[in-house]
Amino acid sequence: MALNEPLNRKLRMALVGGGAGSFIGRVHSIAACLDNRAVLTAGALSSNPERAKSSAPDYGIADSRAYGSYEAMLDGESKLPEDERIDFVSIATPNHTHFEVARAAVEAGFNVVCDKPMTFDLAQAESLLETVQNSDVVFAVSHNYTGYPLVRQAREMILSGELGEINAIRSQYIQGWLRTQLEAEDQKQAAWRTDPAKSGAAGAFGDIATHAYNLGRYMTGVLPDSVSCHLKAFVEGRKLDDYGTAVIRYENGALGTVTASQISHGRENDLEIEIDGTKGSLRWRQENPNELIYRQNGKAHQIYTRDPNAEYMTGSGAGACRLPSGHPEAFFEAFANVYTAAFDAMAKRAAGEKIDQRDTIYPNVYDGVEGMYFIQQCVNSSADNAAWLPLKHAAARK
Amino acid sequence: MALNEPLNRKLRMALVGGGAGSFIGRVHSIAACLDNRAVLTAGALSSNPERAKSSAPDYGIADSRAYGSYEAMLDGESKLPEDERIDFVSIATPNHTHFEVARAAVEAGFNVVCDKPMTFDLAQAESLLETVQNSDVVFAVSHNYTGYPLVRQAREMILSGELGEINAIRSQYIQGWLRTQLEAEDQKQAAWRTDPAKSGAAGAFGDIATHAYNLGRYMTGVLPDSVSCHLKAFVEGRKLDDYGTAVIRYENGALGTVTASQISHGRENDLEIEIDGTKGSLRWRQENPNELIYRQNGKAHQIYTRDPNAEYMTGSGAGACRLPSGHPEAFFEAFANVYTAAFDAMAKRAAGEKIDQRDTIYPNVYDGVEGMYFIQQCVNSSADNAAWLPLKHAAARK
Amino acid sequence: MALNEPLNRKLRMALVGGGAGSFIGRVHSIAACLDNRAVLTAGALSSNPERAKSSAPDYGIADSRAYGSYEAMLDGESKLPEDERIDFVSIATPNHTHFEVARAAVEAGFNVVCDKPMTFDLAQAESLLETVQNSDVVFAVSHNYTGYPLVRQAREMILSGELGEINAIRSQYIQGWLRTQLEAEDQKQAAWRTDPAKSGAAGAFGDIATHAYNLGRYMTGVLPDSVSCHLKAFVEGRKLDDYGTAVIRYENGALGTVTASQISHGRENDLEIEIDGTKGSLRWRQENPNELIYRQNGKAHQIYTRDPNAEYMTGSGAGACRLPSGHPEAFFEAFANVYTAAFDAMAKRAAGEKIDQRDTIYPNVYDGVEGMYFIQQCVNSSADNAAWLPLKHAAARK
Amino acid sequence: MALNEPLNRKLRMALVGGGAGSFIGRVHSIAACLDNRAVLTAGALSSNPERAKSSAPDYGIADSRAYGSYEAMLDGESKLPEDERIDFVSIATPNHTHFEVARAAVEAGFNVVCDKPMTFDLAQAESLLETVQNSDVVFAVSHNYTGYPLVRQAREMILSGELGEINAIRSQYIQGWLRTQLEAEDQKQAAWRTDPAKSGAAGAFGDIATHAYNLGRYMTGVLPDSVSCHLKAFVEGRKLDDYGTAVIRYENGALGTVTASQISHGRENDLEIEIDGTKGSLRWRQENPNELIYRQNGKAHQIYTRDPNAEYMTGSGAGACRLPSGHPEAFFEAFANVYTAAFDAMAKRAAGEKIDQRDTIYPNVYDGVEGMYFIQQCVNSSADNAAWLPLKHAAARK
């Protein structure tokens, strides 16, 4: 296989954010370049122009492509010859800046891979959706957990009817790192995530419940109907929720729960989902991602390991593997799978093919809108004594 | 140690229910007699007098003590000399008959160990409470999962403040055996549990969610404030819920969720609880009951195994063990621990000591009332679009 | 079903050993009586006559049946009318006394359930075998781990050919409680187990490796050919091995390993076995006994849970269950299953039927002889630089 | 941090092997480039010149640097200016060719990262060692499992004395993929691994037991004394072992076992190690690599998760992490850690610093020699009825 068929060359990546102290910027660059299908070429690594430039060598970005701002970057790159110019922009900045960067990149004709939550609020998300729809760019949102091979396996099993009708979706995302008021200690990650001006209307629910909710949507395709939500800020002085539970009614009658915590002692990044169908049930846990448990009454419990050669593996599950079974794959590789799926689309676009912006294996701008709607309705419900609010957005993924 | 101090003899047990085809009757008799502190002496094993008598040999009950009805049994036993007469009555019949049997037994002065849910509805439960309060009997309810050593360990750790203030209680009880309409196939266990006339107002929520809720109450002592609940009957033709989720607000601000399912393929008896406190978190699973996971930020995850000799074990945790660590104990032994705690109280009563009917290590009539209130409020909430209803009963355990 | 068909009454049990401070005596009495098929009737609970009598009330043994010595007990019971006399003797004394008690009991015509290792040395075992062969008694040896339902399940799967030809048997039994020289602190359990005059020629290998070896023999029926063994006493001052590894060549070409440790920090009672056949492989762990992992190339890993109603369960696996799946069973119940299998044979004998002493579902005197031969050959091999020694005894179980 | 300090530029990598159908070549290139510290610049990707060149685009290697043979590559690269020339050669060819490629590369002055087993036989390994010793190159051997953060954590805990004196080392490496005679079906991976002319004197023991043995040596530093080994070829027609067990006596009196299987149904890549010390015990499993279980008598079992911020983490453990806890890392990242440690040394050498070739955090040529000695002595022991043979090589790592 040649690289990025039919384009047959590496894609050129630009990174916005990711300067010193950033965690997610490094993740984006490693994930995007893992398979040698992309090369990090340009960057606007910080909102501080000096730091933006001084961080470039860490990423192997040449001085000439290290910009002091995203505006300068988009402008500079647009002026370069087509065969030097970047192909896509990865946005790894705090939430409140996603919108302006993403919109500008799309308007400049660049493909985008944007961190989640996609924007600061729903209005921005809907506006961005329109911008994307009016363009022909590839737009991916880093709901990275959808990139795990066994998540795609589950999705394909469910969409093909193997589990029958879906009755229940239980997901939870449990962390403990915000158990104390870290934001008061100037911890950078904690500071912006708990600041309503940077993070948006929700804390834990914006940061992690969106992943848990998205995972259920991605795996099942079942459309939501309404939501009732409780948010709590258990840590004194905290301005945004650090715990919460949402109950979700789905259109087909299924019942769902999404629980997120950032105050559970010793819990690390425990995203877990259980799905009950009329013909079978599934369970998957992010911290042990190479196992998917499949159960059917009367039969032995089956552990599907991530095995690209197993008969039970579906095409999209097997296709997301890089290693044989027993050689564990993990977070980076899953994140990379979001990128490679987007690369497939970018290569098609670059080769002049028409791409579908909505029905994609990677999470896209529609998922981004759904995520923002989920956050907004959860926050509103919680503020109104857990009132039932609609949850189905017109721009739902499916 | 002599048996049943200060009584110094075995206690005489009577069993109501438990005839051919019964599962729980056998469990009661094995559990009660496990430590040789009780002997099964009398029985009214079925509502069918003939079957009641013919089942007696299976239990080693002498013909003369095999009664055709519970009324006959209470009458007959009452007339026996005190040193032959039964000490306690175990009630292992379908839910709708608990009340009359229990009331009659209490009024006759016998101690009672009653299956849960304690009665058919809340009114019966409150009436029974009054009867018990007016007596001096020991009254236990078989919330058997409270008998696991590591459940008592968790309770004692929490009540002593080791976890700090409790913020969150998540419990779920997931089964799959009612995935199909078994009741239409005349399966006896399924038939009465899904019949509103025998089971009460709730199905899965009466049968198993009550355990999951009780476990959180027992472990934490945190008092509930209000509940919002969704019940579903996913299997066509089913008259009672086979799935549901309740969100619970506790008085101290904690947030809880209780989910119960009987329609999750391949799931067996998966009762699990996670508790978050300001100083630590706990997780326990009934299907792997010899492990309790204790976590604190910054420290290694700690697995507390059921080890009567470990320094970390509390008195009530260690005291509930019969075997050294690594020699697993399980369901029967936990059930037996409910009995032995009740035996301690019965022996005191028999020796003329005054017993406390409310503050007990075994689940008691107050737990029974709470359980019935939980069921009623969940059913009512669900019928009213998951409306918020009060959950704190005046007769709460603590 | 009536009790102990075709005998139709409870069996009367006598216990030798089990006085104050004993662990295993209590286990025998609970296990034997668990199903109400036996009643503890007589005892010689200690070699100290006074303690023997004073311990009787703990077990509910009447004064008149509490004997000062096993000789007095056998004598006294033999003189009782047949319908009062004990049916079987359970021997729960230190190893060096098993032989004399067992022989006397057999010669007096009583059935025996004897702790393992069966005797002090091989010569005693062979002598006892002859005594048993010349009698018509039921003789069981408490290799209690064979009583777990999923062990029997594995055995039946293998004997029926489901795993194909057996190539490899790896078992290990890892404990940590003798990590320090507990015997120097007068800890009773440690003292006799590390004393060559009471325990026999081996320490850990006599106490626990025999279980690990027996488990492989019981599950597979594959006959051994030869053994090479290393024993170590890692704790200073210890007189017997506290660690060791044996390599075993089986007659069919299979290769086996048995490792035992009592000096592995924090390890509890971790008996584990893995079996490789040409058609499938199995893994079972005593500390999590309700799961058996069955694997076949190209298929999902299958977890067979202890489920009496599952189609995959064999007759002897399902028949050893008392509870539905998800309601865990454990150590006591497995131990009880050794007893109930022996009871079946005892009842037949009592009803005048001829019983087979060798081909039994419970571990018998032939297993006892094999165990002693294993210990002797391991000790001899270890003393001779791990020389290869024969391991197949003429009286092998199969 | 700048890249590859004090060199401050990316290192240029050449790959030998890795053409179409190769698994491990791709792994080397992904691992080496994961952190953007190296760039794949040249290659001799196949022994077939045509395939060597046609495979280059897959790796993004320019035509001008795609050589038809390793000799041509070494020759061509040596003639390039120093600032274009490759820095290191990664050897990912079948075992029998490692020696010639590695020797030539070292003699040409290039650093080497060589697959394991390092050579075809011990004589080659000893010769290669001499060549390396006479050079100043960095020479790493891809015992990739040493790169897992928690393996380094264990090593540092043990070397610092936290576990006390080491008594026992049990490792096993269990696979099932060679259960059938795949080599007869022309499966490429199976064909060379089971061919004595390409794989060397051992099959499973050369391929995987070497990893299991090396892991114990790496973690503990305890020196071996002697070995007794059994090898088996269970699959009919197979020319090399597919199963085996070695017992190892260590110089300090510790006892070890290494078991390897490639015929265990359904087992994937199950490398596991348990280590017993006088003060604590450890357990680690490759298939679940983000957990290290640490046990001490009387304390709760401790699960050390891969958490770069935890207090319990040692420097080399924490330093090998790229992600926060709960964000799993796996096979590629561990493999990359072998590379990054070698890069540190390469950068020093390039900057003119003297490097130590023996005492390194990455596995080196001394490990390679030890591995070949292990294979030779195991094969010889097995051929001589498991005779005891010496195992300590003069060039042991430590």
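A, B, C and D label the chains in the order they appear, each numbered from 1.
Quick note on the criterion: a contact is a pair of C-beta atoms (placed from the backbone, for glycine too) under 8 Å apart; a residue touches a chain by one contact, two chains touch by 3 or more.
Everything quoted here is computed from the prediction, not taken from an experiment.
Novice: Identify the chains in contact with subunit A as well as subunit C, in label order.
Specialist: Output, common partners of subunit A and subunit C: B, D.
Novice: Among the chains, which one keeps its Cα centre farthest from the Cα centre of subunit A?
Specialist: The chain lying farthest from subunit A is C.
Novice: Taking only the C-alpha atoms, how many degrees of rotation bring subunit B onto subunit C, rounded to the nearest 5?
Specialist: Resulting rotation angle: about 180 degrees.
Novice: Could you give the separation in Å between the centres of subunit A and subunit D, each centre being the mean of its C-alpha atoms?
Specialist: Here the centre of subunit D sits 35 Å away from the centre of subunit A.
Novice: Report the inter-chain centroid distance for subunit B and subunit D in whole angstrom, where each centroid is the mean of the CA atoms.
Specialist: Using C-alpha averages as centres, the distance is 56 Å.
Novice: Distance between subunit A and subunit B based on Cα centroids, please, to the nearest Å.
Specialist: From the centre of subunit A to the centre of subunit B is 44 Å.
Novice: In subunit B, which residues are in touch with two or more of the other chains?
Specialist: Correct list: 267, 299, 301, 305.
Novice: With touch defined as at the start, can you tell me which subunit A residues reach subunit B in the complex?
Specialist: Of all residues in subunit A, those touching subunit B are 167-168, 170, 172, 174, 176-177, 179-180, 228, 230, 232, 234, 243-245, 247, 249, 253, 255, 257, 259, 261, 263-267, 274, 276-281, 295-297, 299, 301, 385-386, 388.
Novice: Could you pull out which subunit B residues touch subunit C in their complex?
Specialist: Residues in contact with subunit C: 1-3, 8, 10, 23, 26-27, 29-30, 33-36, 40, 57-60, 175, 267-270, 286-290, 305, 307, 322-333.
Novice: Give every residue of subunit D touching subunit B within the complex, in rising order.
Specialist: Result: residues 294, 298-305, 309-312 of subunit D touch subunit B.
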